[in-house]
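First subunit A sits with subunit B, and in the next complex the same chain sits with subunit C.
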Partner chain A sequence: MAKHVAIILVTVLLGGLLGATLIRFAPGYGVDEQELDARLSAGSIEALRRASAPDENLFLFYGHYLKRMVHGDLGTSRTLQRPIAQLLRERLPDTMKSVGLGALLGWALGLALAIPVAMSRAWLVDALASVMAGILLCIPVAVLALLFVLTRAPARLVIALIVFPKVFRYARNLLVRSAALPHVLTARAKGLSHAGVFVWHVLPLAGAQLLALAGVSVSLAFGASIPVEVVCDLPGIGQLAWKAALGRDLYLLINLTMMVAVVTLAANSASDLLGGAFGRSEA
Partner chain B sequence: MKWVRRAAIIFLLAVALACVFAERLAPADYAHQFRDIPDAPASAAHWLGTDDLGRDRFSRVLHGTRISLLLAPAAALIASFLAAVVGGTAGFVGGALERAVMSGTDLFLSLPWFFLLITVRALMPLNVSPITSVIITFALLGCLGWAAAARVVCADARSLKNSDFALQARASGSSGYRLLRHHLLPNLRPVLYAQFWISIPVFILTEANLGILGLGVSEPLPSWGSLLRELEGYSSVTSNAWQFAPLLLFISVVSCFHLVVLDRELPA
Partner chain C sequence: MSKRWFASLFVMVLTLGSATAQSGTELRFCLWSEPKTFNPLLVQDDSSETVRYLTGGVLVRLNRQTQQLEPELATAWKTSRDGRTITFALRQNVKFSDGTAFSAEDVAHTIQQMMDPNLHSPTGDSFRSGEGKVETKVLWADKIAILFPAPIAGLDKLFDQVAIMSAKSPKKERAVLGPYYVAEYKAGSHLNLERNPNYWKHDSSGHQLPYIDSVRLDIQQNRDIEILRLLRGEIHLVNSLNAEYFDKVIAEKPALVHDAGPSMDSEQIWFNQVASAPLPAYKKAWFGSTNFRRAISESINREDLSRVVFRGHARPATGPVSPGNQFWFNTRLQPHPFDQKAAMKRLEQDGFRVQNGALRDKDGNAVEFSVVTNAGNRYRERMATMIQQDLAGIGIKLHVVTLDFPSLIERIARTFNYEACLLGAVNIGLDPSEQMNIWLSSAENHQWNPGQKAPETAWEAEIDRLMRAQASELNEKKRKEYFDRVQEIAWEQEPFIYLVNRNALSAISTSVQNAHPVVLRPQVFWNIDRLSLGSEVAQK
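Showing the complex of A and B:
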């Protein structure tokens, strides 16, 4: 547990330093658009330049950045002219809802198809699900979201369709491999039911690895949230990141990326810990 | 499954050939506007109709496919080269260097790919010439897409370094350079080939997503991203079905790449 917390902390600090470096050395840093206003006098422009003068030293700049972050001040969005912390508070719940629902539905669909394929060799289900997963893997998320808008389907389901093919393919291969092991075949030959074989012999072998995939699917769902929210006009942090990218609002972008990285790292750590606990309990 | 793989390769070769001869096959230049017939339906003169600016869609599909099919492998080459250098060095040297490099790779992988990509893309100027935007887009994909491949290469280099034939070569007096040049690099080649082929469809899909969001290749140069962006203007799926031809071609090409790498891709 302590190791995982340390990894998250180191990632945030190193990622923050990288972000601060990008912001500090990005073209246009420390230049205020108001300087282009022809009505301003030379004195006013000089005052503006002094006010937005950058810290010369990167580490000093990063120190100030961290100090403000500890006090809950993530800076102000240049494009939206609003505090970043406030923007995150408003938009994060919507994205979490989309990502959570999408990941959950994707997993449910993936497992619902992978388990019968592995346990009862349902070749028709296998063929149909494999083709469906294959096609979904070939469609860009943004196009899928556009098709959902055209057909007036609920946009949040797009994330489920992005998570589903990865879960299905991974779970199918893992379960098929586990189901073909000698002791599982022996249990089946002795007359144990499909459900019994799955619960007592296949799941204990595959459970830990399946849990490891859960963390990855959170990262996948967050990545998909950008095109989905942009195309479907959902007011989440994916849409915010896109607006920030178009407006070159680096402060906002770096904060968003770091925040999403913390969430995905926490999800990965949680799935690692759960997988480890599962493996130990089965051993 | 060999015949499916062969069919996929033949299809990809046919598409690549059509793109090579795009100038001869295309009825018009990709940027030429037929201003009197914008949004025209499919006809003998314009096989896939025209877009909202009156440009021949078939010509744009051919040129767009050429750009994506040429530059996605180029980006995959950059990513595979970086993976070979980073992962290969870490695996070959081992010890503290390997731990440090792999921790860095893990940190890199923990950042969500698309968030990282648009952050770095935003650092680059957005108002650039179309050619520059193509180079920026695919160079970024290549430079940011190495981490997952580096992990695989590192694990393979480590296991090769500790293999019996490498131990025997070392015992026979082979220097580090000779071991690397004659024994490890030739054996790393299949892994690097696999990573190269796996990266291509990933980069094609990512470029398409970036293009649809307006962060990819800029107009008037066509790419699959900008071609698929046209779908935004449609009101329903059933009207003007020919307008979905670029999407069908896109799905077919990416499916074929997946089929080509299928046996290397599946984890279990």
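Showing the complex of A and C:
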């Protein structure tokens, strides 16, 4: 557990530094589009430039940023001119709702199709689900989101359709392989029901790997939330990240990078720990 | 008896019904981004400007239809002969939205805040005429004089942008004098504006304005969704449409769209003439040549740009002032004609010649250059492609480079590492004084060669002189003469090659009454307090 926490901490800190470096050296950093406002006097343009100019070296900046963060000050967004803590408080619930709902539905649909395929060799379900998963894998997230907008479907479901094909394909292959093992076939030959075989013989074998996939699917859902929120105009973290990147909003981007890193690493670590516990209890 | 009773009951039900229909009316439309500020003095972005227009009370308002100033919180005003002092007589018995009384103290407070040099208010910067402090003298509770250190031409019109803030209200900038106040703001989602219960304006029949009870502004960055919502009847209006969406709406609901004619906005191309720019000397020589710039201008088919790129919803541009600006447009000027033969003659005067289909300068350098524009703007990308084809007609190779906005600004305003740039200009005000920071050679927004210590060309020196002269002249006729000459020099020298003036396109639900779209911003809701909603109310 302590090892996982240490890894998360180091990765988040390095991720934040890497994010800061990329933004700081990106073309257009430290430039404000308000500079083109013809109403502004030379003094105001100069003040704008001073305000957005990088005034210290990157490592010093990052050190100061971390010091302030420890005291609860996440800084102010340059593009939105609001405290970042407030922006995150307002937008995080929306994204968590989208990501949570999307991941849950994606898993439910993926497992609901993968289990019958593996246990009862339902070839028609297998063929249909595989085709559906294949199509969904081929469609870019933004296009899928746009289709939902045009059809007035709930945009949050897009994330479910991004998670579903990966869960289905992985779970299907894993369960089919587990179901084909000799001891499972023996149990089946002895007349154990499908449900019994699944619960007592297949799931224990596949459980740890499925839990590992759960961690990955959180990152997947988070990644998908950016185009979905941008295309569907959902006021969440994904939309904020997009705006921050376009506006070279250094503070906002560092905070978002670190936050997303914490969530995804925590999800992966949780699935690792649970998977490990699952494996040990089986042994 | 019973008949009369039933008749009375019937009338009462009808009255109640109509009252219910009228009460709770809500106008809905979209903002394309989140407002960055609710402080009216710090407004720069469009969304904050919309909120300021809907909530702010001003001393005088420029009627967007007649383009004339009208009294609002000031019943009368007078500018002194020297142009340094303006005196306002204020409306009495006016209250802010929170009930705080309005007086000359509030005007003084607003002006002092606005002119604070540390605030860097864009609104305040328009009033900076010279070194020295702006003073306010409260003469009575309803009379105030504002003294500027130097004359400001068109001074009264600048007050159209100054929303008066309360000096005493604990709600600070949230206490307003305009038709609405901000009742709710959900970040990233929407704003709800409620009718200001203390709004001073009444219609001719004594009914307190505004007619519509509330305005819901949904924050909608995706324009496709905005148009879909308009077509579905979920929002009432789109204040500014582009040509593509205009045609889309017209195909489905032609009654909704309005083309008010050429707007104040223009699209232009300019060459980098900065002496220190990291460009080869021979290219600097091309870009600095009037003949070269004029030849490029004459090689671009503006009619085609208007017809093809803007689907007929644009006009070939003449200069810095759109024909939509009724007073200041120089009617003697015409857009440069598309004439590649004339262009070649001009180029030959500078020693250019065509060899094997490619234009070469007198030293044999092939004429090719790049034009940068902002990525994601389909119209500019299409215009650049068409210009590329036009210039190929005289043997010039043009490379189109699209950059995201911060990278583009870095190049055109900081590193000057570009050859030509295609961008648009948004003119909010009508008065030429608002273009001082573009035309003065020392200004930072003198895009082709900003921040000159002394004018580097004779014609720029002449423009400097004329712009300063018009800014300190109070006689409108003389000012017009000066600025007409500036427009002529800009036409002759073409530091900016003006391409087109986009039309002011908008869409309004047929349920919105009293809407008269105009070319000035805000095109549709400029008379927000007079708008009303009919039976066809937008549904969520």
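Observations on the structure shown:
In the analysis below, the second predicted complex is superposed on the first by the 242 of 283 C-alpha atoms of A that agree within 3 Å, B and C clash if a C-alpha of one lies under 4 Å from a C-alpha of the other, contacts with A are read in each partner's own complex, and residues count from 1 in each chain.
Methods note: contacts are C-beta pairs under 8 Å (C-beta built on N, C-alpha and C of every residue); 3 or more make two chains touch, one makes a residue touch a chain.
It should be emphasised that the depicted structure is a prediction, and the values quoted were computed from it without experimental measurement.
In the superposition on chain A, contact of A:Leu60 is made with neither subunit B nor subunit C. Residue contacts after overlaying the shared chain place A:Glu90 against subunit C, while subunit B stays out of touching range.
By the touch criterion defined above, A:Gly43 lies against subunit C but remains apart from subunit B after alignment on the C-alpha atoms of chain A.
Of the two partner chains placed by superposition, only subunit C is touched by A:Leu80; subunit B is not.
In the superposed model, A:Leu246 makes contact with both subunit B and subunit C.
Touch criterion met: A:Asn173 reaches subunit B, while subunit C stays clear of it.
Of the two partner chains placed by superposition, subunit B and subunit C are both touched by A:Leu150. In the superposition on chain A, contact is made by A:Pro235 with subunit C only, not with subunit B. Touch criterion not met for A:Val199: it reaches neither subunit B nor subunit C. Comparing the two complexes, residues 27, 146, 150, 230-231, 246, 248 of subunit A contact subunit B in one case and subunit C in the other.
Those residues of subunit B that touch subunit A in the shared complex are 107, 110-116, 118-123, 125-126, 201, 205, 208-209, 212-215, 228, 231-232, 234-237, 247, 250-251, 254-255, 258, 266-268.
For subunit C in complex with subunit A, the residues that touch the partner chain are 34, 36-37, 44, 117, 120, 122-123, 125-126, 128, 186-189, 219-222, 224-225, 228, 403-410, 413-414, 425, 428, 434-435, 437-438, 442-445. The touching residues of subunit A, counted against subunit B in their complex, run 10-11, 14-15, 22, 26-27, 134-135, 137-143, 146-147, 150-151, 169-170, 173-174, 176-177, 219, 222-224, 226-227, 230-231, 241-242, 244-246, 248-250, 253-254, 256-257, 260-261, 264-265, 268.
Subunit A meets subunit C in the complex at residues 27-29, 31-45, 47-48, 80-82, 86-87, 90-91, 94, 146, 149-150, 230-233, 235-236, 239-240, 246-248.
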